[in-house]
Every structure is written in structure tokens, then in C-alpha cells.
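The same subunit A turns up in both complexes below, where it pairs with subunit B and then with subunit C.
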Partner chain A sequence: MELFGLSLAFYLLGALASLAFAGRETANHLGPAGAVAGSLVGLAGLALTPASAVAQASLPWGLPLGSLALGLDPASRLFLLPVYAVGAAAAVAGSLALAGSEAAQAGPDRRGTHWFFFNILLAGLALVMAARDGVVFLIAWEVMSLAPFFLGSLHDDEAEVREAAWTYLVCAHLGAALVIAFFALAMGQAGATGFAALAEAARAGRLTMPSLLFFLAFFGFAAKIGLVPFHVWLPAIYPAAPGHVAALMSGGMINVGLYGLWRALEILPPPAAWQGWTIAGLGVASALLGILAALGQGNLKRLLAYSSVENMGLICLGLGLGLVGLACGNPAMAALGLGGALFHMLCHAGFKSLLFLCAAEVLTAVGSARIAHLGGLAKRMPAVGTLFLLAGAGIAGLPPLPGFIGELTMALAMLAGLDLPGLLPRTASAASLAALAAVGGFALAAFAKAGGLAFLGAPRTPAAAKAEAPSHAALLAPLFLAAGLVTAAALAPALLRFVGQAVLAFPGMDPAPARAALEQAAMAARTVGFFGAGIILLAGGLLWLRARAGAAHGRRREPTWGCGYTAPTARMQYGAASFVEPAAKLLAGPMGLTRRLDMDPGLFPKRATLFVVSRDAARDRLFTPLFEAVARLCDAAKVVQHGKVHLYILYVLATVVLLLAWKLS
Partner chain B sequence: MAAIQSLLVALVVVNLAYLAVTRLKTLTRITALQGVLLAATPLAIAGPHGHGLILSLAVLAIKGIGFPWLVARTLSRLEVNPVVEPYFGFNMSLLAGVGGLLFSLWLESRLPFPPGLFPPLLFPAALTSIFSGLTLVVARRKALTQVIGYLAAENGIFLLGVPLAAQGSVWLELSVLLDVFVAVFVMGIALHHINKTFESIDVGRFCSLRD
Partner chain C sequence: MNAWLHILAALVLAPLIPGIINRVKARMSGRVGKPLLQTYFDLAKLTRKGLVESHTASFMLGVGPAVSLAAVCGALCLLPSPASPAPASFGGDFMLAAYCLGLSRLALILAALDTGSSFEGMGASREAAFSALAEPVLFLALLALAVDAPSLSLSGMLGQGLSGALAPERLFVPLLLFILLLTENCRIPVDDPNTHLELTMIHEVMVLDHSGPDMAMISYGAALKLWFFAAAVTLSLLPVQAMPPLAAWAAFLAGVALVAVAVGLIESSMARLRLLRVPRLLGSAGALAALSLVLTVWR
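Let's look at the complex of A and B:
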């Protein structure tokens, strides 16, 4: 707890220092230094305390409402881990990326405020996860929701960036409104603001309308998590934000929605099975639609954003299944579902932030994140290429990387769900298993597209051909994250036990069978690890033999996709459009794709162009019409704003008279 | 006691007169008359000595002489049509004023006042003054009439404060007077600017300022 406080202090110090030195190069050193110091101290705090420990602290609080109650328990520690790890990596990467670049540009140097909000975001995230009081939680939530708006709009001279930042702000506040409504209702009914008191009131049955509370919490936090159809801000803000900010948001920030949901579920009365199925259902929808949309994207960063929607969907699927297990008295399913979800959350945080940092390096080197402008980058920037492909394989759930362990644990929960009483739950469990498999397949295709088209093959543009590898220093942050992930893979069973502490602390969890189930999953993870290590050794050995054989006989390198033609060009390769064209034929609807083939007539057409355009259905068909209707309504209300001053005074007069008459009659 | 009652009745009549006159010059004179009547109220309530006397003299100087003179000066400098231009007719305005008087009488019967604080009829007279002033603001076209309406409304508020001033908050009243004095000054300047910008002091032209 002391180290937690110290890390908060470092964040605030970093924030203030970067403001104090705003406009100077120093701000670009002090701000990140505060973030890195705070994060490392926080990590040390996590490492030095046993995972199952529960700490509480209460500080003086000047407000008439609530109390400044903070605490750390297994769930808080688990969710803090990615915040600290990604926070440190993103700060280092951002400091290097912004060094000197802004100063060279014309216009004011905004790095001081940028690092101020970066530190504030980290402090807000940490505070949300330590809050043990509804009022403190909401204040921290608001701080944490506002900061990304300023972080994401660093390059606000571009119209697209401004629009993305506004989209984010609107979504964040629609979600926050529901979260505030949830806490206000619960706190009003319970007559207390502390989490423990709220949970106590829920157990005593004093929270009326628990279903309404559940929906308020679920939809409110789903907006932060980015579940379909509340995901529209993700594909907007991630491509617009600088790389290190996107890394922090995808790795540290969206998890806070899951954390909030987790806490809300702890506070609410024990979950009913339908609540679990609701979360799982929306999770499946998000996972499938998210990964299909990712497959259709032509922009590397937007593809990664949709992949986040998919992974958040998978996590919610596991969470929902865990709740079903809890409601149906199947502790093995409960522990495996919740454990798998949390484990996958950690993996997603690490892999996705690594991918965003790599994408940022690509953007710096080539000047574009559009796949049609990339190609063959693995030869020019091998370290970034290797890391990207590694992280892509991890996030697609390939064994023995830890992404597979989380999905395996969730699959075990679904297998346990096949034993549930009743036909419907069994069918639903089987369907989840099928969905998980399908999502895994599509994810592999999406990252084959992202990694393959960007890093393999031949360069599609002169800029890609001339791309320069980043300096060794710029690789520091990605390598730090990659090292963490490799460690996680090696220590997957231990990490699963760490996750298990949070699962076992969930109210209503039967510890003995839950622990046994998690132990079983850990054993499975170890087996996977051994097999994986064996396969890696085998593949490495074979590669070494091949390299030796090649060196002995002499080799000739041909262009990729040259296919033995005399004059191969880069245009012969698969492009972003042609890669997804077969899938687009089949799944154009759910992928939101429209394809158009322009071809000259005749048997030997001279010219042919394929367009595959991806649109977001939720944005185009749901939110845009909705907000346009609201805008029309607001315009209609403007008839009272006619500019006639004396009539405005008449409004005031009439209001006063009516109020007096109403109050006194 | 009879003196204060007669004063208050006179004030009510003056309030209604605001709404019936058609010349700006007459309107200015009515403002002066109301100022003089107001100056007499502290004397009628507290007697001609001490704080009441100071307040009375200050009101006479500011509301009885100062404001009407300022308004008359502005009027002569602006060189505008000397007729009051109404948005809706004088009869309707008068009807609204009578409605305000009735509403005030009803309100007096409903509001819980500390007994003995207000002499009878003072509260309705004050409130009618506020309503008449606001009616003037709402129903007249020229910005100058709006200034006079504002002054009438402020006079009503002042009248509400007189019985309290007798209990010792005379300095508060005086400071409020100073504020109003400054406000009228600013309004005079603003009127000049409005006249210069819009080439008229018709408030209907402010529509072009809306977004």
C-alpha cells in the first residue's frame, strides 16, 4: 500500500513537472521519468506483496459525500499489473518518439501538456483500481476518462484526429453516465458509499431492482470495454492517437472497463444465469464481428483496434461463462471461465500494446499505416518485424504463447459447461466452443494479413523500400514488453495461480473445487509449454540445418511471389483487398465490406482493379442516425432562441410568476 | 400611518401610469415622480431623523433627480422619435399591469411574512412596481424604455427594502443605490453604442446577434 501511494506520488510529480517545464525539451524527459518511476515502484509493490493479501487505507477527505477509502486486493493487483507494465513501456517509447520531433515542427510545443495528461491518466487508472468507495471511484473514473481525449488529440491540426477525439469523448461520457446512474442508484438505496457497505446492502436485499442495476453497470462498463455496438470509439481513436498512447489505451485503459464490471458484479447480489449468458452473448457477438471487421481493414492500426474489440469480446465470453457456472453451482466452470478471462486480459494487454508500438515504428519509418503502402518491411527492420509477428501469433492464440493458455482455460470452462443441467445451457456451451474456434481461425487470418502483407513479400511503395530500421533505443520499450510476455509464457502456470487468487476472492466462489480446476488448467498450461518448447527446439534445429545446407551449396534469392516470371513486380503480390476477397464474398454482411471489381470486358482484360471497402455498421446504421436525430431535435428547440431580447425577459418573468403561483397555491 | 398609505396608493397609480403613456418625455417625468415618492417613504415609515433622513435625501438625489436627468439627457442626445413604440398595445399593457397588481395582492395573502414587518399595501405596491417595470421591458420596442423599465423594477425592489432599512441596514441600501447608479450610467453608454451600431435603439434589431 505504501509503494502504491509512492507510485501515485511519482505520477503526480511527473504531471506537475511536465507542466512546469512545458514548452521545453525538459518536459519530454521529466514527464516520462515520472511515469516510468511511478510504474516501476508500482510493479515493485506488486512483486513484494503476496498476491492474496488485502490492504486497506482510509485518508482524510474534505468532501461531504463518501470517504477516501483505498485498498488493494487480488483483483486490484491483477488489473494494476498491465497498467504499470504498459505504462512504463509506453512512457519510454513516447519519450523517444516525441524527442525533438515537435520542436522541429512549426507551432507550439505541446509535449508538456501531453505528458501531464499521460501521468494523470496513469494516476487515474491506478486510483480507479484502488478505490473502495463509490464517490472516489467515480471521481477517478472521470479523470481517467477525460485524459485520453487530450492524449489522443496531440496532433489536433488534422480534422480526422479531432473527430476521433470527439467520438471518444462522447462514447466515454455516455458510458460514464450509465456508470454514475448505477452508483447513484445503488448508493441511494444502500444509504452508504463504501463498496463493502454496498455489497452488504445487496446481500441484505436492500438493493431493489438488481436487474436494472446490472444492466446499468454492464452497458456503462461495456462502453469502456468496447463491446459491440459500443465499440465505435476504438477504431476511431487508436489510429488517430500517437503510437505510445494507443499502446497505453489498448493495454492499460480498456481493461478498466472489465475491472469496473468485475467490481460491480462483486457488489451486486449473486449473479443469475441469464446475466452470465447476457455478458457471454454480447462477448461472442463482439468477438465475431470484431475479428471479421479486423480482417477487412486496410489500415494496420485500425485492424489492431478491431482486434481489441474481438479480444475484449472473448474476455467477456469467459467472464459470462464463469458467472453462469457460479449461478448453476458448477465451481469448476466458474473458476475456469473467470480465470481464463482474466488471464486473457493480461495477454491481450501485453500483446496489443507491443503490436501498437511496432505499428508506431512502421508509421515512423514509412509514413503510412495503410497496408497497401507497406510490404517487405521484415528485411528492412527485422527486429520490429520479428516482434510484430511474434505478438500477432500470440494474440491469435497460437501455442505455446500465453494467448493460447487463456483461450484453452476458457475452452475448458465451456467443456465443463457441457455438464450443466438442461439442454439450453449445454447447447449454448457447445456454441461458445464453436465460436471460440471460429474466432481463433479468423484471428489467425487477420494477423496473417497484417504481418504477412506489411512485413513479408516485396515493398509496395518507394517509401516502404527505403524504410529505415529504428534505433536500438527505440526498441527498448517493445523489447521490455516482449521479454515480459516471454516470461509470462515460461511461467504460465505461476501466472495462472496469480490470476486464480482474484478468482478465488470472488464472492460465492467455492474455494476447494475452484482451486482444483485452476490447478488442472495450470497443469495443462505446463504440458502445452513443454510441447511448445519441444516444437520450437525442433523447428530451430531444422532451420539451422537448412541454413547450413544452404550455405554449403550456395543460394539464390528471388523476389517473393516472383513465381519464376521474368519481370515480377510488387503488384503481383496479394494486396489488402485481394487477401480478404474470398472471405468478403462469403461474409460481406457481418464484415461490413462492400467489394467492387472494375475490369475491362473481354477474355484478356487489360486492366482490373478490386476495391474492398470496410464500413462500421454500428457507426453508420445506429449511432450516426441516432445522433443526427438528436441534433435535429436540438435544432428544433432553437425556435425559442430567436434573438429577441425582450421576449427572453418575458421567459424569465413568466417562469417566476408560474413558480410563485405553483409553489404558493 | 395615513401618510404612508397615501404614498403607497400614489405609487401604485404611478406604476400603472408607466404603462399608459405614449411620450418618452412623459415617461421620464413619471420616473422622477416615482423617485420623489420613494424618497418620501423612509420618512413616512421611520420619521424625519437619523438614518431615514440620510436615505431619503440620497434617494431624492439619485432616483428623483439624477436618473431622470440622465435619461432625459440621453433622450435629447440620441435624437430619436419621441413616441413610445409598443410591441403590444397600451390597453393590453395596462391590463397586464392590473394583472400584476392582482397577482401581488394574492401573493401577499399567501406568503408568510413576519408580522409587523411590512405596512399594509407596501408589498403589493412594490411587487406591482417590479411587474410594471418588467412589462415595460418586455412590451416596448425602444432600448430607452427598457432602461426606464429596469429603473421601475429596481424601485420596486428598493421599496421592499425600506422597512428593513429602518431596522438598521441603511448602509446596505445606500450601497445598492450606488450600484444602480453605476448600472444606469453604463446603460446610457451602452445605448449610445447601440444607436451607433444599429442606427436605431429598436431592440428587435438585436436578432441579428443570435448565432
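Let's look at the complex of A and C:
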């Protein structure tokens, strides 16, 4: 708890220092230094306390409502881990990326405020996860929700960036409104603001309308998690934000929605099976639609954004199945579902932030993140290419990388779900396993596309052909994350037990069978670890044999076989749209792909242009019409606001008369 | 020891399967055909050749085949031997096997994209799309086996045979695994491994630019993958676990050979489907798998 406080202090110091030195190069050192120091101290705090420990602290609080109650328990620590790890990596990467860049540009140097909000975001995230009081939680939530708006709009001279930041702000606050409603309702009914008191009230049955509370919390936090259809801000803000901010948002911030949902579920009365199925159902929809949309994207960062939607969907699937297991008295399913979801959350945070940092290096080197402008980068930036390809394989859940363990644990929960009573729950468990398989297959296709077309093959533009490898220092942050992920793969059983502490602390969990189920998953993870080591050794041995064969029998370079065509160009390669064409023929609707062919008329057209665009269906069909309707309504309400003062006085008079009449009657 | 015997058998005998298929096809069309051991000769020849790499390619062209072969070997380690469980097994290990095959596929797709050739890109994109559609079918089929099995590992699920009450859905699973064999190994009716028009192919077009030891690893890996699925079909049909070891081995090897013959017969008697029809084939296989699973759960 002391180290947690110290880390918060470092964040705040970093924030203040970067404000104080705003406009100078020093801000670009002090801000990140505060973030790194805070994160490292936080990580040390996590490492030094036993995983199952529970700490509480209460501080003086000036407000009439609530109390400054803070605490750390296994769930808080688990969710703080990616915040600290990704926070440190993103700060280092951001400091290097922004060094000198802003000063070279015309206009004011905005790095001081940028690092202020960066540190504030980290502090807000840490505070959300330590808050043990509804009021403190909401304040921290608001701070944490506002900061990314300023971080994401660093380059706000571009219209696209401004629009993306607005989209984020609106989504974040629609979600926050529901979260506030949830806490306000719960706190009003319980007559207390502390989490423990709220949970006590729920157990005593004093929270009426638990279903309404559940939906308020679920939809409110789902907006932060980015579940379909509340995901529209992800593909907008991630491409617009600087790379290190996108890394922090995807690795550290988005999980806070899951954390909020986790706490809300702990507070609410024991979950009913339908609540679990609701979360799992929306999770499956997000996972499938997210990965199909990712497959259709032509921009590397948008592809990564949709992949976040997919992974958050998978996590919610595991979470939902865990709740079903709790509700139906199947502790193995409950422990494996929740444990798999949390493990996957950790892996996603690591892999996704690593991918975003790699994409940022690509953007710096080439000047574009559109796959149509990239290609052949692995030859020019081999370290970034290798990291991206490995992280892509990892986020697609392939062994021996740790992403597989999370998916395996969730699959074990689905297998345990085959023992549920009744045909329908069993079929639903089986269907979720099939969905997991389909998502895995399409994720593989999406990352084969992202990695294969951006980093392999021939460069598609002169800029890609001239791309320069980043400096060694710029590789520091990606390598730090990669080292963390390799450790996670090597120590997967231990990490699974760490995750298990949070699962076992979930109210209503039967500890003995839950621990046994998690131990079984940890043993499976151990087998997978040995297995993965075997595969790596075998592949290494084969590569050694190959090198020997090449040395013995000669090795030469020739042009790629072009089927007899002697003048191939890089433009003839398969591109982003052509790679997904077989899938798009079948699934153009869910992938959001529309195509338009412009061709000269006649039998022998001279010119033809094909446009393939992927649009977001939820944005186009749901939110745009909705907000246009709201705008029309607001326009219609303007008739009462006409600038005629005598009529305004009449309004006042009418109001007073009405109030008097209401009071007197 | 016994557990590793199956892996040894697979590593030694797998190249025979393409030989059997080709011999059956040749006999059906009235030719004598290549020698049964042709794949061994090809492999021996390829390993003695030098490497020719594309100017465009980076490290991935060489890494792909090695990782792909290693991952297929990994998947094979999870299949039970006819007379004993697999060397490594745990509940849910079928997922590891499926994802190992996925890793092998990803490695080959990336190696294909590394050449910058549009033909290889075409093959890679089809492979990615079709196998994404095949994945849920595989999981559903294995789940239908898992529901009745004493344990949730491949060693517990396979080798039970069609025991218990005779029900039609039990026959679905071997059939589905056979369809998946045809899809995942790019055989007719999904893909024609023999055509010389690159435009019609999936797997063969992905490996156009590989040569020498790389090509040997790819061919050997393809043979091992064929063995994996043939063995899975056989083990899902035959109750080898209940047989004495020698009889089990004999029945198993005969079964694998028969699966290879069946593939050859299908290739001689059918045409390749239009590519647009392949998802329909997989869709109906998925529906059959779902039906079989629901029936198994229901009973």
C-alpha cells in the first residue's frame, strides 16, 4: 500500500513537473521520468506483496459525500499489473518518439500538457483500481476518462484526429453516465457509499431492481470495454492517437472497463445464469464481428483496434461463462471461465501494446500505416518485423506463446459447461467453443494479413523501400514488453495461480473445487510449456540442418517465379483487399466491406478502378442516425430560444406561477 | 516406449500415404503410376539439393517451413498410439493439436507472402479463409467425441470405436474428420494437388518458390499432416483400445492405408468444386457436426 502511494506520488510529480516546464525539452524528459518511476515503483509493490494479501487504507476526505477509502486486493493487483507494465513501456516509447519532433514543427510545443495528461491517466487508472468507495471511484473514473481525450488529440490540426477525439469523448461519457446512474441508484438504496457497505446491502436484499442495476453496470462498463455495438470509439481513436498513447489505451486503459464490471458483479447479488449468458452472448458477438471487421481493414492501426474488440469479446465470453458456472453450481466452470478471462486480459494487454508500438515504428519509418503503402519492411527493420509477427501469432492464440493458455483455460470452462443440467446450456457451451475456434481461425487470417502484407514481400511504395530501422533505444520499450510476454509464457502456471487468487476471492466461489480446477489448468499450462519448448528446439534444429544443407549444396538468389511474366512489379502483389477476397465473398456484410468498380464502358474498357472500403456498420446504421435524430430534436427545441427578452420574462413568470400552484395545491 | 512408437511409425510411414493415393489414382485411370515409395525418393533428392531463394524474400521464407514441420510434429505427439495413450496428454489437448496445425499453417502462409508473388498470395489468402471456416467444424466434431469419452484428452477420445448404443450420429464424426482431411490437406474436392494451372490451387501454389531442403520440409510436413488426419479418422472408427496390442496395430495401419485408398478413389471419381462452393461444403459439414453434437448431448 505504501509503494502504491509512492507510485501515485511519482505520477503526480511527473504531471506537475511537465506542466511546470511546458514548452521546453525538459518536459519531455521529466514527464516520462515520472511515469516510468511511478510504474516501476508500482511493479515493485506488486512483486513484493503476496498475491492473496488484502490491504486497506482510509484517508481524510473533504467532501460531504463518500470517504477516501482505498484498498488493494488480488483483483486490483491483477488489473494494475498491465497498467504499470504498459505505462512504463509507453512512456519510454513516447518520450523517444516525441523527442525534438514537436520543436521542429511550427506552432506551440504541446508536450508539456501531453505528459501532464499522460501521468494523470496513469494516476487515474491506479486510483480507479484502488478505490473502495463509490464516490472516489466515480471521480477517478471521470479523470481517467477525460485524460485520453487530450492525449489522443495531440495532433489536433488534422480534422480526422479531432473527430476521433470527439467520438471517444461522447462514447466515454455515455458509458460514464450509465456507470454514475448505477452507483447513484445503488448508493441511494443502500444509504452508504463504500463498496463493502454496498455489497452488504445487496446481500441483505436492500438493493431493489438488481436486474436494472446489472444492465446499467454492464452497458456502462461495456462502453469502456468496447463491446459491440459500443466499440465505435476504438477504431476511431487508436489510429488517430500517437503510437504510445494507443499502446497505453489498448494495454492499460481498456481493461479498466473489465475491472469495473468485475467490481460491480462483486457488489451485486449473486449472478443469475441469464446474466452470465448475456455477458457471454455479447462477448461472442463482439469477438466474431470484431475479428471479421479486423480482417477487412486496410489500415494497420484500425486492424489492431478491431482486434481489441475481438479480444475483449473473448474475455467477456470467459467472464460470462464463469458467472454461469457460479450461478449453476459448477465451480470448475466458474473458476476456469473467470481465470481464463483474466489470463487472456493480461496477454492481450501485452501483445496489443507491443503491436501498437511496432505499428508506431512503422508509421515513423514509412509515414503511413495503410497496408497498401507498406510491404517488405522485415528486411529493412528486422527487429520490428520479428516482434510484430511474433506478437501477431501470440494474439491469435497460437502456442507456444502465452495467448494460447488463456484460450485453453476458457475452452476448459466450456468443456466443463458440457456437464450443466439441460440441453440448452450444454449446447450453448459447445457453441461457444465453436465460436472460439472460428475466432481463432479468423484471427490467424487477420494477423497473417497484417504481418505478411506489411512486413513481407516487396515494398509497395518508395517510402516503404527507403524505410530505416529504428534506433536501438526505440526498441527498448517493445523489447521490455516482449521480455514480459516471454516470461509469461515460461511461467504460465505461476501466472495462472496469481490470476487464480483474484478468482478465488470472487464472492460465492467454492474454494476447494475451484482451486482444483485451476490447478488442473496450471498443469495443462505446464505441459504446454514443455511442449512449446520442444517445438522451438525442433524448429531450431531444422533451421540448423537447413543452414548446413545450404552451405554444403550452395545457396543462391533468383527473382520470384512470375509464371513466365518477365516484368513483375510490386503493385502486382496481393494487397490488403485481395487477400481477404475469399472471405469477403462469403462474409462481406459482417466485415463491413463495400466495393465499387468504375470501368470505362464498352467491350474493351481502357481503365478500371476498384474501390474496397470497410465501414463500421454500428457507426453508420446505429449511432449516426441516432445522433442525427438527437441533433434534429435539439434544433427543434431552439424555437423557445429566440432572443426576445419580453418573452423570456414571460417564461420566468409562468415558471413561478406553476411552482406556486404546485406548492399551494 | 510404446507411446513413442506411434510417432516413430508416423515419421517413417507418413510419406507412404501420398504414394498410396497416387497409386490408386493411377490404377483407376488405367496407368501403372509412380512407385509407391516415390515420396521417399523425392525427399531424399530434395535434401541433397541447394537452396534457391527469392530476391524479395526475408528470413521468413526459410523459417516458415521449419516452424511448420516442427508444429505438425507437435500435433502428432498428442495423437494416441493404437495400444497406449499419447506421450503428452491432458484434458482439452485437442485444442493444442488444432492450434499447432494452425501455427504450421500460419508459418507457411507467411513464407508464401514473403516471396511477394501474386500467385502465392492467392494461395495464402484461400488457405487462410478456408481453414478459418474448417476450424469450428473440427472443434465441433471433436466435441461430439468428447461428450461420451472417459476423459477430455485426445488419448481418451480416440480409440473408443463406435462403442455403446448404436446411433447414427456416431458415424458422423469419422465422416466429418474425413471431410476435414480433404479440406486441410487440400485434396479433391477442395483443391486439386495435380493441376499445373496455378490459379486453381491452394496449397501447391503457396510453395511455388520453395526449393531444396525447404521443399523437403514442406512435403514431409504435408505427409505428416495427412497421416495425422488419417490416423484420427481411423482411431475414431476402430475400438483399438479394447484390442490386444498387436491386433490393434495391425487394424490401425490397415485403417490408415484404407483411408488413403479412399482419398485416392475420391480423387479419381470426383471433380474439384468451384472455389465458391467450398464454404458450402464446410458449412454443411458444420451443420452435420452441430447436429451430431446436439444428438450426443441430448441422448
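Note that in this section the second predicted complex is superposed on the first by the 635 of 665 C-alpha atoms of A that agree within 3 Å, B and C clash if a C-alpha of one lies under 4 Å from a C-alpha of the other, contacts with A are read in each partner's own complex, and residues count from 1 in each chain.
The definition used in the following text is that a contact is a pair of C-beta atoms (placed from the backbone, for glycine too) under 8 Å apart; a residue touches a chain by one contact, two chains touch by 3 or more.
All figures in this text were calculated on a predicted structure; none of them were measured in a lab.
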item: Subunit A residues touched by each partner, larger count belonging to subunit B or subunit C; value: C
item: First (subunit B), second (subunit C), both or neither touched by A:A378; value: second
item: Partner chain in contact with A:V613 - subunit B first, subunit C second, else both or neither; value: neither
item: Which of subunit B and subunit C A:L597 touches, first, second, both or neither; value: neither
item: First, second, both or neither for A:A47, with subunit B first and subunit C second; value: neither
item: Partner chain in contact with A:L659 - subunit B first, subunit C second, else both or neither; value: neither
item: Shared subunit A contacts, counted only where both subunit B and subunit C touch the same residue; value: none
item: Residue numbers on subunit C that touch subunit A, as the complex places them; value: 47-60, 62-63, 65-67, 69-71, 73-74, 77, 88, 90-93, 95-96, 98-100, 102-103, 105-106, 109-110, 113-122, 124-126, 128-136, 138-140, 143, 146-147, 152, 198, 208-209, 212-214, 217, 275-276, 279, 286, 290, 293-294, 297-298
item: Subunit A residues touching subunit B - in the complex, by the definition given at the top; value: 641-647, 649-650, 653, 657, 660-661, 664-665
item: Subunit B to subunit A touching residues, read off their complex; value: 87, 103, 107, 110-111, 131, 134, 137-140, 146, 203-204, 206-210
item: Complex contact set, residues of subunit A against subunit C; value: 375-376, 378-379, 382, 385-386, 389, 393, 396-399, 404, 407-408, 411-412, 415, 418, 423, 426-427, 430-431, 433-438, 440-442, 444-445, 447-449, 451-453, 455-458, 520, 523-524, 527-528, 530-531, 534-536, 538-539, 542-543, 545-546, 549-550, 553-563, 568, 570, 572-574, 578-583, 585-586
